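Next come two complexes built around subunit A: one with subunit B, the other with subunit C.
Showing the complex of A and B:
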């Protein structure tokens, strides 16, 4: 028992150090890839500066997005150059507004446009949401691993009917639930950051959501059956059947079209890859430590029950 | 700050609250879970010591 606790504490400390290192690597070493661009009217020197842009626009209402931008406008057969001061569905106002507060905004033209060319600067948009991936993926991987462990102990229980395997399966499922919850929470925030929505019914998210429900269902089932033997047997059978969803969820992004990103070989720069691998090792150690801690707790409870029985004799 | 740079920042930092939220949830979840497990483990360890000492005393008395 003490050895298991020591192993758990060593794994906890090592896992903590590695995940902290991965966290620092993620934010202070690994770069941030660009995810599209942003456009502004002015120009400033920045490492993200990609260059000037020029875009043709045919309707005044779209020019509303470009208020303050330099524009050349053709209206009523005439050409005007200036800055877009105001625009709506029916008209556009072009003036000498420099964008500075208090500067004169003399109107050059107020007209319906037939076409306009707007100019400004483009800057790379850093994909900050990608920072979530460094820990979201390892946490999800651990959830699959511990789920596999629960199914394994379920099989062992059915084969041997030893209570120990039922306990191990239950603790594995509890750890799975913890990691599944963390995966869902970080995943939802990533989805919002990357796709602009909180949820999408796409293959990976849907199958993982089903997996979450199955893990919750396991505990509902355990609580619904009173007889200890039957409870253990039903729970073991359920964990094996429920685990079928895990490989489906894991491989589905590679089998059918899905918006969910897939890590490709050689797809990460060395600092990103190292931080990611360190985060994975750290999370595996943390998962192991949590499992061992919970097992230690259960074994201590058994010892207490045993000691109480001895005292009552 | 340069107003253009300020505008660029306002456009590119929109994901930050979500990133911070994800890390806050992740670390809080793990730390609270491990902390509670350790606390329970310590409590149980003390109970075991008390009970085992009681058993040893009783065995000695017999």
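Showing the complex of A and C:
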């Protein structure tokens, strides 16, 4: 009893250190991947510098987006080169040097332009949102794992009818609820950062949302049944039925076209992979710790109740 | 022995049908409820005018009506059994538990199909008048209805057996049933929608939806059948 709670505390501390360490560590050794790129007119030194870019403009009115960029414009059989000084829907002003007021400038009507090429520099846009991967994915994985544990203890309870397994199943489900909530929260933050929306009815998100509802439903069901043995049986049966949604949610990104990212085999760089694995181990330890601590608390409560009834006699 | 189970099954089914024909409570309440749902649909869609194609949303609206109507019926069917002590008598009688399960499922399935058969013409009359529908693919709709209703009746019977013994019966059934029925609904709506709208890819989408539904039916019926024995005796 005492040993179990000591182990749980050690797991809690170790798991916390590993998860947090892996998460913070990735900022230093795993690097930040680029999330698209930014285009600017001039070259400024930056570690994110990716090189010069050159683009052919399909429609001349888009030149309005490239004020300050180097441009080569063909219009009415003549060619103009220089920086775009001014541009709007109807005309474009091209000069040799934007800094000098007296420098020669050419004004070209947009309607006359037959082709235009603009040049500038490209910089990577750091994808800080990707860092949540080291927290969100391990948490989500563990939520499936503890859900499976809850269903497993549900089956064990139905087979043996021992009260202990019902308690274990209930506490596994509590841990599942914790992890599922964390997954939902981090997931929602990430979708906002990466997709620009808080929520999307997308296969993985939808099935996971359904899983959340099932876990909540489990506790609603438990609270609605008075009789203890009946409550345990119903809860066990429901957890088994509910668990059928978990594999669907887990594999759906591989079955149906989905926006949700998937880790491909060999798709992670070694520093990322190591951080990810450390975070996973840490998260397993955390899950174990929460489970054991709750278990120890429940057992103590039971002992107190038992002692009370003995004293009342 | 097989014939004995079969006779018991038929007796259970007959009991359900006779009881229903005497009171007509389930069919009446479910039928009225689905009609009322149509009224709500009309109000909900009244602001959209003719800006949308009713055929595109017909499948979703139909299954929405079916799922809520079925919950009403499932609850009724088990509340009867419990209030009148019929379930206890059934458990005392030398009838195998699986027979009780399949008897109840079949009874619920029949009432559900009856209400669906009533709802669809009304729905078509109210919302799909003057729309062109592909008759060749429309003939497959009964197939989805049957497969979907089997899934609803199978899981629903198990969950309703649980929820009648809880405080807040209807609410518990909804909380447990709707998330569990989600994969089924996804398949049925896909298949029904494909059959109603038609087109060159309709059959492909239809069978993709049907594969979901049939897979769900098999897994969930087996799971419910396995668990019913423990639930009904608790």
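Just so it is clear, the second predicted complex is superposed on the first by the 246 of 313 C-alpha atoms of A that agree within 3 Å, B and C clash if a C-alpha of one lies under 4 Å from a C-alpha of the other, contacts with A are read in each partner's own complex, and residues count from 1 in each chain.
Everything below uses one rule, namely that a contact is a pair of C-beta atoms (placed from the backbone, for glycine too) under 8 Å apart; a residue touches a chain by one contact, two chains touch by 3 or more.
All figures in this text were calculated on a predicted structure; none of them were measured in a lab.
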First (subunit B), second (subunit C), both or neither touched by A:43: first
First, second, both or neither for A:263, with subunit B first and subunit C second: neither
Which of subunit B and subunit C A:192 touches, first, second, both or neither: first
Subunit B versus subunit C as contact partner of A:81, first or second or both or neither: neither
Per-residue contact with subunit A, leading partner among subunit C and subunit B: B
Which of subunit B and subunit C A:13 touches, first, second, both or neither: neither
Sites on subunit B touched by subunit A in the complex: 2-5, 7-8, 11-13, 15-16, 18-19, 21-23, 25-26, 29-30, 33-34, 37-38, 40-41, 44-45, 47-48, 51-52, 54-55, 58
Subunit C contact footprint on subunit A (complex, rising order): 158, 206-207, 210, 213-214, 216-217, 220-221, 224-226, 229-230, 233-234, 237-238, 240-242, 244-245, 248
Contacting residues of subunit C [partner subunit A, same complex]: 155, 158-159, 162, 165-168, 172, 175-176, 178-180, 182-183, 219-220, 223-224, 227, 230-231, 234
Residue ranges of subunit A touching subunit B (in the complex, touch as defined): 5, 12, 23, 38, 40-44, 46, 48, 99, 121, 123, 125-129, 131-132, 135-136, 139, 178, 181-182, 185-186, 189-190, 192-193, 286, 289-290, 293-294, 296-297, 300-301, 303-304, 307-308, 310-311
